[in-house]
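Two complexes come next, and they have one chain in common, chain A, joined by chain B in the first and chain C in the second.
Entry: the complex of A and B
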C-alpha cells in the first residue's frame, strides 16, 4: 500500500460510523479546554503582534527551552545550538533526508518501519534497505551483515533510521544491549544514526531505557522529537538535534521549505510549558493509553484466531498483529471497512511488498469500548477468511492451520514474545 | 548574497536599535488583540480537541472556503478540489519545485526575483534562467527569446515563475498586455506558469489587474497564495492551486514534508473569516502601507543622491533602489549596519551575481518616522561612497557621476519609470 492509498484510507476512516484503529492519533480530547483558553488568553493579552509575525528559521529560544525540558525528562542534554524547531517531526525527517541523501544512497531502516518515513526516503531516491526487527527491536547482527555487504560493494549507507522505543508500527522497543551495540557500531564505522523518538515518554510498563542520543552523546546520532504525542499534533511542532555541519544544511533546507515554524503554535507551547504541568498531562496520557493497550490485547486474545500473533508494547500507540500468511491484510481491510472498522495493512511499512499478512493497530485514538468492538469486527472478518481457507483447502479451520502458520509466522514476522492465540 | 548570509542579516536586524528595512514583514501590530482573543475563545469553547488533532493532508474544507473568498476578491474562481493548504506560500513553492523539477531542468524566473525562491529551485538542481523586468514586469519578448533558444537546444523549461503584482523584490507590476501575452504563450507552448501572488490585495493605487490564473482559467497557470500578508505570517498558512495531475503529486509531497498543515492555525483562520471582517482589515493595511510607501519615496527623494533610481510600487511591501554601479550594496550594508539600519542587497535576487548596486527596501514593517530615519541613514552612507568615489577618480561628486550612472543604470537595471533623483 503506497501513501496515496494510505491517504484514501484516512479519508474513509473520517466517517463517524467507522471505528478507526488505523491512524496514529493521540487522544486530544483529553487536553483540558481551560488550559488551552488560559494559554491563548495570555497570548492575546501580551503578545498578539509577535505571535502573528514571522519567527527565526531555527525557531525561538523559548521553544528550544521547552524541547530541552522534554529531552531532559529522558536524560538527554543537547546543546541548544544543535536544535532546530520543525513543522512536526515529519519535517525533521524530511529535512534530514533532504540534507543527507543523494540519489542511490543506501538508507537502512527497520522492517517494518514507520510508514511515513518511506515516502521521504524514496522521494530523495534512496535505496532503502530494511533490517528485521524482533521483540528486542532491530536485529543488530543482521544490520552488521548488511553493512559488511555494502562495504564489500564499496558503499556506505548515509544513515540508519530507527524508532527504538515503542516502534511505529511494531510497538517493540530496542533492548539496552542492542542500543549499546548500535551506538558502538556507529562510532566504529562513523555511521550516522537517525533516532526518531516520538513516544519515548509514553511508557506504561517496564524500565526506562536511555535513548540512543544519550548513549552516543550526539556525535553520530541525529535526534528527531515532536510535541505531537505529548501535547498536540495539530500544532505541527517537532525538532531535530544534529551536530553543526549537518545542522547548517538542515537550517538552509528549513528556510527553503517553509521559512520558519509557526510562531503562533510556538508561543502556545511556550505558555503551556510556563504553566508548569506538561509532565502531569503526559502522565495522564500514559494512564489512559495503558488501559487502552490492555483492552486491545484482551480483545485480540478473545477475537483473533489462535494462529494470529501480536506484540504487547510497553508504551506508545501501536500493536502489530500478524495473521496466517494466506490472509492479505490489504484485501482484509476492504472487507473490514464494510463492517466499519479500519487498520493499516502491514505492507505500508515495507518497501518490498512484505508485511502482507500483518496489520498495524492503534490503541490511542479511541476508547476501550470502541477498541473492543473494533477488534471484534476485525476478528470476525479474519475468522471468515480462516474458514474460507479451510473450506477451500479441505483443512479443518483450527489446529492444522495453526501449526502451519505458527511456523510461517516464525519465519516471516518474528514478533513472538507476547502474542498468544487463544480465547 | 546566499541565504545563510540572509539569515545572518535577519539575526542582526533583530537588534532593537536597528531600523530594519530588510525583512518582508507585514505589520502585525495592526491586528486587534480583541479579535485574536475572540477567535481563540470560540475555539476554546467549541473545538479544542479537533484544533489540536491532525488534519487532512490537503487541508480542511473550511480553510479552502476562506481561500476561495480571498481568490474571489481578485476575480478567481478555482475548483476547491484543485486547492491544497500549505505551511505558508513558501511551502507551496517548495512542493511545486519538488513535484516538477528534475535535476538540470530549466526554470525561468524574473530578474530580479523573490530571493526565497532561488534556494528552492537550486535545491532541486534547476538551471535557473532569469528574464529582465522593467516597470511593466517581466519582459515577455525577452522570455520568448529564451524559450526559442531553449527550444533550439531541444529543451523546454519546466515552468516560468512570476510574481506579477507588486513584485518581490522590485515592487513592479506586470501590465495587462504582458499578462495576456504570457498566458497566451503558455497556452501556445503548453508551458506551465507558476503565479506567486502574496500581495495582490494590497493595492494602494492604479487599477486592479486580473491575475494570470484568472486570465488562463487554471489550465497552465499554477497559483500560489498566502494568508501571510493579509492576516499573519506567524500562522504559516498558504496554498497552491493546480490541475489534478500536478496536485496529486503535490499532495504526496506535502504528506512526506509535514503530513498536514497546522490544524490550530487553520481553525484560527476559519473563525477569523467567519467573523466576516477580513476585508476591512486588509483595507486598513492598504491605508497604512500606502502612507509608508509615500514616506519612503519622499525620503528617497530627500536623502538619496541624484544618480540613484527606484521604483514606486502601486502596492505590496517593497521598493527596489539602484545606486551608481561603483557602489556594491553588500559592502554598503556592512557600513549601514554600523549606523543601525538594514536592507537586502540586490544580489540576493539573482543567481548570477547581478544586482550588486541595487537594494530591496521594505516599507511595511516599521512606521513612517522610522522609514524616514532609516532612509536618511542609508542615504548618508551612500553619500559617503559617492564622495569617496569622486575623490578617488577626481570626478566631482554630483553632476558627472549622475550622467555616467544614469546611463549605466539604464543598461543594468531598467526601472526608470518613477525613480527621480532630487531633493
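Entry: the complex of A and C
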C-alpha cells in the first residue's frame, strides 16, 4: 500500500465516531482559558498596533528570550544571534532543507523517521537514506557504514536528520553513548546534524539526556525546536538555531517564504512566559501524558497478541508497535476502521517500503478510556489476522489469543458494543 | 433543475468519492442547475426528504454507495437517481457473484475460486488450497470479493505468498477470490446508456500493476484512448463489455474492466459507479468520443430522468 491509498484511508479516520490513535495532536484542553483571555486582553490594550504589524524576519528578541529559557531548561545556551523564530518547527525543517539540499544530495534519516520530514526532503529532491533505529535510537555503526559507502562513491550527505528524544514515530530515545558518538562523528567528518527536538521536555521517567546541540556546542549541530508540544501547535511558533553561515541563508529563505513569523502569537508567547509559570504547565502535560502512556502500554499488554512487540517510551507522544511480518498494517487499518479505530501504518515513516508490519500509536490526543478501548479494538483485529494466518498455514498462535482477550475484556467495560464478545 | 450530489460516506473510497462529487458539482453549476451537495451520513434521508431534489447524482464509490444501499433509499423516497439500480449495483459490487453471472451467460472471465473466512477458520479450507496450483497456476491474484480501487488486491507469485495475500484481502471483506492471473493489456470500456465509449488502455508507469495509487495519481499511469486495437480485437472487447453490462443489469452508465490476453478479452469486473475524478477513465473515454465533462454529466442526468431514452 502506498501514499495515496494511505491518504484515502486517513480521510476515513476523520469520522467523529472513530477513536483516532493516528493523529499527533498534543492535548490543549487543559490550557486555562482565563490565562489565554487575560494575555490576549493585555496585548489588545497595550500593544495592539505592534501586535497587528509585520515583525523582523528573525523574530522578536523577546521571543528569542523565551526560546533561550526553553533551551536552557534542557541545558543549552545558544547565542541569541544564532536563533531564528519560524512558523512552527516544520518551517524550520523546510528552511534547512531549502538552504542546504541540492537535487540528488544524500540526506540521512532514522528508520523509521518523522513522516512529516520525508515530503520536505523529497520536495528538494534529496536522496533520502534511512539508518535503522533500535531501542537506543539510530544505530551509529550502521550510520558509519552508510557514510563509508557514500564516501566510496565520492558523495557526502548534506546532513543527518535525527529526533533523538522520544522519537516520532518510534518513541525511542538515543542513548548517551550514541549521542556522544554521533557528535564526535560529525566533528571528525565535518558533517552537519539536524537535531529535531520537539518532545525533549516531555519526559515521564528515566534520566534526562543532554541534547546533541549541548554536547556539540552548536558547531556541527543545527537545532530545531517548537512551542507546539509544550504550549500550543495552533500558535505555529518554532525555531532553528544554526551557525552564522547557515543562518544567513535560512533568513533569506524565510524572507522569501513568509517575511516573518506571526507577530500576534509572538506577543502571546512573550506575555505567557512573562507570567512565569510555563514550566508548571509543561509539568501538568507530562503528568497527563504519563498516565496516557501507562494506559496504552497496559492495554497493549492485555490486548495485543504475544507475537507483537512495541516500544515503551519514556516521554513524547508515540508508541511504535510491530506485528508479525505477514500482517500489512495498511490493510489492517482498513479492517480496523470497520471497528472505528485508527492508527498510522508504519510505511508512512519510510521512503523505501519498509515498515509495512508496524504502526504508530499516539497517546496524547485522547483520554485513557478511549486509549484502552482503541487498543482493545486494534488488538481484536490483529488477533483475528494472527488466527487466520495460523489457520492458513498450520502455524498456531503462541498463546490462545481468544482466551487472553476474553480474560482481558472483563476488565474493559467502557465503550463495549452490545453483543460483542472478547474475541 | 435541482440536483442533489451524493458523495463521501464511510467507504474506503471516500476520498475518491469526494473528488468525483466536487467535479460533478462544478459541472452542474456550469450547466445552470441548482446543486445540493450532500454528504452521505446519518442525516442523508432527512435532508433528501426536506429538499426533494428533481434527481440525485450518486457520486459514491465502494460500499454504501456503489452496492445499492443509497439507491434503495432513493427508490423508497421516489427520487430518480443516476447510474445502475439496486440489483445491478448489488451484483457488480460482489465480484464473486458477478463472475458467476458472467460465466453462466458465456462471457469470458478468468477462472477463480472463492472462499469465505469461515471456510478457513472452521472447515479446514487451507487443505484445499494445494489444489489451486494445479487449477489456477501461479502467479495468481487474490482479491476481496467486495471493494474497489484495487484495495487489498495482492499477487501471489508462489504458493508461499498465498497466506499473506489472503490475510490482506480478508482485511477488506469476509469473502475473497483467488483468480487466475491473465497476462495482457489492461482495458476499460465505459458504457453510457447502453452504448460503448472508446476503449481506454491503462499503461502503468514503471511496469507497476494498475493499482490504487496509479489509479488516482496524475502522471502515475499513461492512458491511451482510444486504445490501439485491431478491428477484430476491438469488436471482441466491446462485445464482452456490453455483454457484461447487460448481464449484470446495468443502466445509465458503468465501466467494464478487462484484460486482453492471448485468448481474447476476459472481463475482470464491472464498476457500477466508476470514478469521475480528473484521472478517471469514464471522463477520458467520453472526451475521446467528443463529449465535454459537462455534456457527459448532462447525458447521465437525462438517462436517470428518461431511462427509455437509452
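Everything that follows uses one rule, which is that the second predicted complex is superposed on the first by the 383 of 423 C-alpha atoms of A that agree within 3 Å, B and C clash if a C-alpha of one lies under 4 Å from a C-alpha of the other, contacts with A are read in each partner's own complex, and residues count from 1 in each chain.
Methods note: a contact is a pair of C-beta atoms (placed from the backbone, for glycine too) under 8 Å apart; a residue touches a chain by one contact, two chains touch by 3 or more.
Everything numeric in this text was worked out from a predicted model, so none of it was measured.
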Partner chain in contact with A:392 - chain B first, chain C second, else both or neither: second
First, second, both or neither for A:113, with chain B first and chain C second: neither
First (chain B), second (chain C), both or neither touched by A:214: neither
Which superposed partner A:334 touches (first chain B, second chain C, both, neither): second
Touched partner set for A:11, first chain B, second chain C, both or neither: both
Contacts of A:130 with chain B and chain C, given as first, second, both or neither: neither
If touched residues of chain A are counted for chain B and for chain C, the larger one: B
Which superposed partner A:168 touches (first chain B, second chain C, both, neither): neither
Where chain A meets both chain C and chain B, residue numbers: 3-4, 7, 11
Interfacial residue positions of chain C with respect to chain A in the complex: 10-16, 18, 117, 120-121, 126, 129, 149, 151-152, 162-164, 166-172, 211-213, 216-217
Sites on chain A touched by chain C in the complex: 1-5, 7-9, 11-12, 15, 326-328, 331-332, 334-335, 337, 385, 387-389, 391-394
Residue numbers on chain B that touch chain A, as the complex places them: 3-4, 7, 10-11, 14, 23, 25, 28-29, 31, 33-34, 36-37, 40-41, 43-45, 48-57, 86-88, 90-91, 94, 98, 116, 119-120, 123, 228, 231-236, 248, 251-253, 255-265, 268
